[in-house]
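Each of the next two complexes has chain A plus one more chain, namely chain B in the first and chain C in the second.
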Partner chain A sequence: MAALAAPTLARRRLKTALHGRLWPFLVPSGLVIGCVLLYPLGYALYLSLFRYELGTNTQEFIFLGNYSALLQEARFWESLARTTGIVLSAVGLEFSLGLAIAYGLYRLTYGVRVFNMLLFLPHIVTPVVAALFLRWIFMGRWGLLSAGLLGLGFFPPDFLGNPFWARITVVLADAWQFTPFMILVLYAGLNTVDQSQIEAAQIDGAGIWTLLFHIMLPAIRPLIVFVLAIRIMDAFRFFDQIYVLTSGGPGTATETITMYTYALAFRLLEIGKASALGVLTLIVSASLIALMIAAIYWRERERI
Partner chain B sequence: MNKRGMNRRQVIGGAVGLATLAGGAKRARAAGPVQMVSHRYPALEYYAEKMKTAVPGTTVNTQLMPFDKAHELVTIAMSSKSDNIDLFYANDSTFLTYVKNGWLRPLDDLWAKYKQEFQLDDMVDTMMKTYTYNGRLYLVPHTMNSMLLFYRKDVFDQAGKKPPTTIAEYQALAKSFNTPLRAGTIDCLKPVDAGLNEAHWYMNALADGWFDKDWKPIFNSPRGVQAIEALKETTRYAQQGFTTAANDECTIALQQDIAVMGLQWATRAKSMDDPAKSRVVGKIEWAPPPQGKARIASDGYGISAFSKQDPDTLFRILATSSNQTNMRGAASLLVPPRRSLLTDPELKAQNRFYPAALAAIDTGLAFPALPEFYSVGEFITRRVLQAVTGEMPVKAAMDAAATETENFLKGRGYYK
Partner chain C sequence: MRRRAVPQILLFGALAAFTAINLTPILWAFLTSIKQPVDAFSVPPTIIFAPTLEFHTQVWVEKEFWRFLINSAVISISTVTISVSCGTLAAYALSRMRGRSSRMLLFGLLAMRMFPLILLAIPFFVLAKTLGLINTYPAMILALVAINQPFTIWLMRSFFVDVPHELYEAAAIDGCNVWQVFSRVALPMVRPGLGVTALFSLLLSYNEFLFALVLTGPNTKTLPVAIAEYGGEDINYWSLSAAAAVGIMLPIVAFMMALQRHLVRGIALGAVKG
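And then the complex of A and B:
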């Protein structure tokens, strides 16, 4: 028994000694994360407990007052519902398109690199610049799309001025910019699937869709979870494009939770309440991702 | 040990070096370029250029951007008491917010010192009153501005129509001129500034204004609701994208023959005759807004209360950019706030829009003198847009805006 325990103990000691020597390597990145992530997050949490309004010298501790005020506001719930709708539509569209194109690229025998590079171009553009391009495309009457449709004899809808079309436009704008990210990650994932599994399925007579849905997608499930989680987190912060394209309008048609945070902070100058809304956004998006992960792995857990 | 001691010395030396550098950087900042932030339109672009060469040997960096963004940038910088902005733009409404928060340096001493050198007595008295708060002056005036009715003279002549004198006539004309390819009118309802401008006209011409004397909202009164109903009716004949259109987009709509008429700032008048930008050169005429009471405004520049730059240099930059010669050069882009220029017959003859602009100033109305007006404007414009786009009935939208405004102002110490 003692003979068996000795190597384990030695291994543990070696591991501890190694960790003791290696931890200083984590210090630089720890400091950076601390400065740019943990400190602002902590400060936002701190501010969210105060009634703090810019320009009034008001800074009164109200504990969870900002949170309870927000949770009782119709505007909060409406913007949350709208954000969820836009996020699910945009990420759903990006995933479906991304998967279709990634699978197309996977099956392509030549020209993949060129296509990949071209398809990735929208993702390189800074979101604000991309939104400015898109604004000139979707602008009523003299925008590129409207003018093009008029040239073809169709009278275009008011893409940015009509509530229905404004929602469609912001979803399309997000999809235009972030589908390339989906394509890149999913294409890389599809290429990692074990070739022998694919060949075995093909021998059994699996068609291209069976191959995709029953062999390849289950094989890259962790990657799908990763890419969806990243995009949902990102889309919840959806701001630049909406700010430039519609400013949250018309009316409140595209007012997302980040647009509301922005209005609270920079128009109404209610910094404490805006911080509380930022914290609530973090909680909501984290919960949504946790739910998504749980749902994706549900069947697997049941099988175990 | 020796090695460790050397390291400690190095660390101390480094810290001292950094402190020296930091001190040096602070000194360098104080003597460095002057930073100016401003709203952007042709007249202000002109003044920004003049500021760059106003004081020989002083570099002025200018950042020009749309109104809402400039206001937000100044708010963020000043509320953190940053000295990164030395000079900034303000209008008759935002200046109240800035002064109330202590972000502007009073200019009375500098004004008195340089009065003769820059002929400051020539400035219009109403402008001086506008920029005075609790007996102290805070801005150097650069422009006077009024909203005008821009209309297509050729289209009106062809239809045998005259410029409208009431909002009802205006709506009837907008309806009659409206076609799928050319809107009957422009509307600019982008929150906050543009939307407030448009609603301000309806609210004052058809109702009793925004607030009573105790700053209680009255825009949800029956007459206020009727005014917004009228605005909603007008938008039926407006250009596409009016809900997200601000001054730039509305100016383009007129220049590109996409709309027949509408209210726009006098400072945009000259650009209608610029062949590089406009397809309607010589076709646009101007008239005072029907029923008057459209917005009048004025623009000026102030010195940040937190600036580390020499106040005399900063004042000289502002006073030089708005001296008589420079203002004469900008006279085609604005209504000059100097008496000598306003009464100059040569300038009146050169600028076709002057008579309408002067008439509009006489009948116009500034925003309420409420420092929080832009903040509560966030509620108002959002609800007005909800009403106009049919998301909410007009009455419910205006009631909601009034409740939000009242709650906000109560939180800021009003109604005690």
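And then the complex of A and C:
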């Protein structure tokens, strides 16, 4: 009996040690996420159903009133359209530039490591500091670009004060800080492409562009979709740079949806309406994520 | 590799030119920080001038930016301690659990990483105000833990996944219980990863602006908030704010040097492995 029971017991203990009771490891993190992430989010959802103004201390349940007010408001739609425009231009620029540089680095035989380091620096600079660096370039009169143009005898536009140029500046600022991310990820991706496939194509006489567009890009397609998804999400919610560069101005020329939410919540203290706007932003970006993920899965299935 | 010399030189030149343009804003800020205002405000910009470190000392000592550095350090280090210790446990469990539920959890975490942060900042502000926690460290630390946690779990998990499963089996056969398999086998194996994760988490906390703007006050203001206020002010203080901005960037350069080999993993693979 004992001789039979012992190995069974040992085996059971082994199995427990290997597979059993891993869930307690999730408890601390789960508690943290529950308390500081999920609970506040739920609270925001709750607040979005109230007319809740900190300034006048009103608190009145109006159900979806905030949402319908926002959806009928021109400022909401304008900021949404503006955000979409800025995000798509910035991410488009980052991707094309990032791909060009990454492919250049891939072809380069000497000095790649140093380039990688130097090119990467702007990405991890504190966004507020990065925005200031760029402000000192684009600033009217004394900014490097304006002063340089003046020195050459040109009259520069007011990069931060003119609505059109302010939007361009905001896009360039985003690109300055996030193109390095694209370079890094795409360069890593290009290096994972099967070498034998590349050699076969080269033997068939493929030039460097054919190689890039017909062999390498299709091979890293899931990575591209993923990195674009991440960048679009992040650009959509980005706040720091615009706050420092233009604070949404001049007028509302660069007021993105996040800047608008910030103004509602922390300048006008209309907490309820701002929460509703935050929820709407979440819905817009969640549907974007869903689209992207659907695209990834669709591609994957197509390949199998 | 057969590559001809001329295209290589052209390629090198093009990349070097791009890099130079890319680094100009940093270089310009650095030059401004060591210039006298007279030189800083000349049009066209001067290249030759007598450098001075006067503004660097002035901003950190007289303008008391060291206080904000201490605030930033206290907040970031507490955040990393909480976030990485909880996150590591969860990451270990998620790296070993198979099946639908763990995939759902991982996907949920990824989705949380994408939340518009402003949606989280509003309830945090209201709650902190109700509890009287505005302008205290705990409010800011908790907020940063919330933002950090999903990322920390994902990055840590990518290190745990690389540990060969046979090691766990061997440890279990030797009589280790669940906790010992984790603490004696898994944890020592991922020690480098733990350092990498902690540093990335530190960077995230050090750079954070939105929550700091909303939740901190005169006593707890972090460096990004301080420099944003200062840099937006009168242009006469240009050299001073440039000195502060360059100073804030220096730890980040050190960070990059320390993590050279792990940058791709931290930034790209940590995110891309999804």
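FYI, the second predicted complex is superposed on the first by the 263 of 304 C-alpha atoms of A that agree within 3 Å, B and C clash if a C-alpha of one lies under 4 Å from a C-alpha of the other, contacts with A are read in each partner's own complex, and residues count from 1 in each chain.
In this text, contacts are C-beta pairs under 8 Å (C-beta built on N, C-alpha and C of every residue); 3 or more make two chains touch, one makes a residue touch a chain.
The structure presented is a predicted model; accordingly, all values stated were derived computationally and were not measured.
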Partner touching more residues of chain A, chain B vs chain C, is chain C
**Request:** Mind working out whether A:Phe266 is in touch with chain B, chain C, both or neither, as first, second, both or neither?
**Result:** both
Between chain B and chain C, whom does A:Trp142 touch in the aligned arrangement: first, second, both, or neither?
both
**OP:** Tell me which partner A:Ala200 touches in the superposition: chain B (first), chain C (second), both or neither.
**Re:** neither
Touch test for A:Leu119: chain B only (first), chain C only (second), both, or neither?
second
Open item on the list: Is A:Leu37 touching anything from chain B or chain C once the two structures are fitted on A? First, second, both or neither.
Closed with: second
Task = Examine A:Glu53 and indicate which partner it touches, taking first as chain B and second as chain C; both and neither are also allowed.
result = first
Looking at the overlay, what does A:Trp176 touch: chain B (first), chain C (second), both, or neither? second
- Of the two partner chains, chain B (first) and chain C (second), which one does A:Leu64 touch, if any: first, second, both, or neither? neither
Of the two partner chains, chain B (first) and chain C (second), which one does A:Ala295 touch, if any: first, second, both, or neither? neither
Dual-contact residues of chain A, meaning touching chain B and chain C, are 54, 139, 141-142, 150, 266
In the complex, chain A touches chain C at residues 14, 16-23, 25-26, 28-30, 32-33, 35-37, 40-41, 43-44, 47, 54, 101, 104-105, 107-111, 115, 117-130, 132-137, 139, 141-142, 144, 147-148, 150-152, 176, 181, 184-185, 188-189, 223, 226-227, 230, 233, 236-237, 239-240, 243-244, 258, 261-262, 265-266, 271, 274-275, 278-279, 281-282, 285-286, 289
Note: in the complex, chain B contacts chain A through residues 72, 75-76, 79, 97, 100-101, 103, 180-181, 190-192, 239-244, 249, 252-253, 256, 258, 374-375, 378, 382, 385-386, 388-389, 391-392, 408, 411-413
So, in the complex, the side of chain C touching chain A is made of residues 1, 3, 7-8, 11-12, 14-15, 18-19, 22-26, 28-29, 32, 40-41, 43-45, 82-83, 85-87, 89-90, 92-94, 96-97, 105, 111-112, 114-127, 129, 142-143, 145-146, 149-150, 153, 168-169, 171-173, 176-178, 181-182, 203, 206-207, 209-210, 213-214, 223-225, 227-228, 231-232, 235, 238, 241-242, 245, 248-249, 252-253, 255-256, 260, 263-264, 267-269, 271-272, 274
Counting only contacts in the complex, chain A reaches chain B at residues 53-56, 139-142, 146, 150, 155-156, 158-161, 163, 245-253, 255, 263, 266-269
